[in-house]
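Here the structure comes first, spelled out in structure tokens, and everything after it is commentary.
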Amino acid sequence: MSSDSNGPRDLAAIEHEAHALVERRRYAQAEVTVSRGLKEFPDSTQLQYLAAFIDYACDRPAAAMQGVKMLLSQAPQHYGARTLYAQLLENDKQLVEAERVWIDLLRDYPQSADCFAGYGELMLKTLHLEKARRLAQEGLRHSPEHADCLYLAAMIDLIRNPRGARSEHLQLMLREHPEHVRSAVALAVALSASGNNRGALRIAQEVLRQRPNSPELVEMVRELKAQTHWSMLPLYPIQRWGWSAAIVITLVAIIGLRVGERALPPSLSETLTWIWLGYVIYSWTWPRLLRRWI
Amino acid sequence: MLPTKPGTTQLQMETRDDLLQATLGHSDSPATSIYSALTGYMASFFGGPVAGATVALVNAYRLKRLGTDWPLGLLALAATIGPMWWWFHGGARWIIAYAGAGVQEVLYRVLGLAFFAVVYGCHRQYYRNMTYFGLTPPSGWPLGIGAVAGGLAVNFALAAVLS
Amino acid sequence: MSESREDLERGLLSDPFNGELRGRYAGWLLDSSEHAASLAQYEILIRQSPENASAHVGAARALLRLGKAAEAARYYAHARQLSGFAPHEELEAHLAATARTHAPRLSVVDGGRSDTVVELAVATQQRTRFDDIAGLEDLKRTIRLQIIEPFLQPGLFAKFKKRAGGGVLLYGPPGCGKTLIARAVATECRAEFVSVGISDVLNLYIGESERNLAAMFDKARHSRPCVLFFDEIDALGFARSKAHSEHTRQIVNEFLAQLDGFGTDNRDVLILAATNMPWDVDSALKRPGRFSRQVFVPPPDEAARAHIVELKLAGVPHEDIDPKAIAALTPHFSGADIEGLVELAKDYVLEEHLAQHTERGIRQQDLQRAAQSVNASTLDWLRTARNLVKYAGADDAYSEVGRYLKTHKLG
């Protein structure tokens, strides 16, 4: 870097440069630096790890997996490689194996909030809510302000009670990590769950402005844009109260139409029936069409 | 984000051992999703409580909580047999006199939806989990159609027995 | 403090865009000596309303309490330029003291390693002019009006109360000539051209990167009039909210200090920057007085592409090529893409020569065939930009991108 770029550089300088480039998501440049570094220092586990990480970040999972396995065969205790391996296994749907890796990591690093968070996320993805909650709590016990553990705990609070008292974990996360992308995501989910889709949309758009190449964020914004579209107003009760509202509306419609059949003129009763059918068809088809259009 | 290796101090804080027991078991592909609430809703609406219970119990199996949720099956049978028995033993006359012919259709739907409400109450956390984490439910068509067909068949059979 | 912390946090949870509430929350944190948390809240407030003077003053107070005096002075100096500003006694005194002492901006943590300061070479290569850049007439007109003429005739623009000064950020897909345009600007401004890349600044040792950056600015000031050009500024000025290391954040802080020219003088130094990823550039760098002017450099238009085809074929055997027809076949192609296309056409000809021993020049069909195989590398960038414009409610800074996408039916 700023030292003589034509002469040999020490390993620390190369690793620092590679780290700095990866942090800035300049993966193409990082790849060049790492390749050059590996020519000079082929045994550097850190550079091998960075090479695998770059493959993972550039959406080359097969190459990343190969790199990680090769590294782990030489340095089976390499922390970064093990966490990356767990992530790759999860993405490849090898969940049993991924769980084993997380458990092994936690046995070696029993205070690691990162590992508790990683394992907890796996549990959430496999619908093991209670275990995920306990893992997040354990991670917070060791590191009370850990962003990923707070995120998990906040999301679990929302899963259990989306419209109840404000999540302490979410508040703490917003206080300690106000700029963290997961704080924004959790806040957007909380706002959406409490019926404030417009607020959620603004938050999601703000995050998307900083990460416009994230497909998950684009999808989140599209979904929220669809939900806040004026043509979705008739579906507001269902958006706000979910399946409870859907059940109540259906029951009211069924019973109401039945009563109407007996109490109202036939033409009016028939009109109401058609309106109800139209509403059902609209509720089924319009949101999907709108999402495609948006 | 590149992870940083945690400190290796030897201070051994207590970590509950039960958390470090494998949960996903030895099956090759543990369920990462359950059938959607919509599948359960439609099955209950068209096929009654028995159809709704079929979906609910399949989900309970996927969630490995069949041991907790099996009473839903009993509840579905009770919610079908009870009203049917009442219908065929005087209830029909009374309600038709009050609400007119064809009311059984309405009662059938109300019962189905009420049962779905109970199922939703039991499984809502898992539905939310899937929504918030973008987990995709399996296609509900095969199970839904099968559950409705099975539910209708059970209903007809019970009606034949109870009438 | 009549409101409790819980009340304020609950309020923000329901209404995160309530600026007045967030200001009160930040003030509460400051009064409770939670300076770092208070600063974070003021930063969010500034991001949500950049012209909020009291937020800048609040941030300055928090920074002062955190011992970051120079940064505090910078925020306060900026606040003074905003409407609604109300002086703060402690900060006024601090600002006056800082201006008097001309304290060096940078304290080197490891104690003055002057032997590692990079000698910055002032570029003396052949001058590129605007006339050398084909096409992009609209862009050249914009740059002339927004960048070159204000630099050459500051008095004229001041007469019309047009704000001059600050830097200019060129952004757009890779390989579309941002660096070339920066060089052309330097020539048109009759100024020296100094180019700085990430490798010129980043250093392993704590404090060295900041020293290198300060040295770049000093060198540019000594070479004025000068165009100081930062290529890939998203690397140097990476968003602090996304950065994980303190080192990365400190480089940005130093960058901001240098741009503000606090305690120094940036007159006759035009600061340009280029990036493919404007969304990764720290938002503070894009505020008024810094890189507040952002100019979109689109992929070359048809005239420019035809010219690039001619350039790439110069000196290469070819037969009767119609560059305009090739340009029409290659929408959204960058200069690098066209170079790739010509290289591929060369491969076809050489392949044929080796197989059939028929020597010939590149023909129209070779280029047409190559155009089928080469994809525009700018499309990925344009897709990402589309997400920004279409979904992210991007502000006026990306209005030019929006217009480009609409015109080319990519929006």
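Every chain is named by a letter (A, B and C) in the order it is written, and numbering of its residues begins at 1.
In this section, a residue touches a chain if its C-beta (ideal position, glycine included) is under 8 Å from a C-beta of that chain, and two chains touch if they have at least 3 such contacts.
A quick note: this is a predicted structure, and the numbers were derived from the prediction, not measured.
Trainee: Going by the contact rule set out at the top, which chains touch both subunit A and subunit B?
Mentor: none
Trainee: Averaging the CA atoms per chain, pick out the one whose centre lands closest to the mean of every protein CA shown.
Mentor: Chain closest to the assembly's C-alpha mean: A.
Trainee: Measure off the straight-line distance from the CA centroid of subunit A to the CA centroid of subunit C, and report it in whole Å.
Mentor: Here subunit A and subunit C have centroids separated by 30 Å.
Trainee: Compute the distance, rounded to whole Å, between the mean C-alpha positions of subunit B and subunit C.
Mentor: 55
Trainee: Out of subunit C, which residues touch more than one other chain, so two or more?
Mentor: Where subunit C meets two or more other chains at a single residue, that happens at 244.
Trainee: Which parts of subunit A, given as residue numbers and ranges, touch two or more other chains?
Mentor: Expected reply: 19, 23.
Trainee: So which bits of subunit B are touching at least two other chains?
Mentor: 2
Trainee: Along subunit A, where are the residues that touch subunit C in the complex?
Mentor: Residues in contact with subunit C: 1-3, 5, 12-13, 16-17, 19-21, 23-26, 29, 166, 170-171, 174-176, 178-181, 187, 190-191, 194, 196, 199, 202-203, 205-206, 208-213, 218, 221-222, 225.
Trainee: Would you tell me which residues of subunit C are touching subunit A in their complex?
Mentor: 9-10, 12-17, 37, 40-41, 43-44, 116, 118, 198-204, 208-209, 212, 232, 234-235, 238-245, 247-248, 277, 279-280, 384-385, 387-388, 391-394
Trainee: Using the touch rule from the top, collect the residues of subunit A that touch subunit B in their complex.
Mentor: That would be residues 19, 22-23, 53, 79-80, 83, 93, 95-96, 99-100, 103, 106-107, 109-115, 123-129, 131, 134-135, 138, 141-142, 155, 158-160, 162, 189, 216, 219, 243-244, 246-247, 250-251, 254-255, 258, 261-262 of subunit A.
Trainee: For subunit B, which residues are in contact with subunit A within the complex?
Mentor: Contact set of subunit B toward subunit A: 2-9, 11-13, 15-16, 19-34, 37, 41, 45, 63, 99-100, 103, 106, 109-110, 113, 116-117, 120, 124-130, 132-135.
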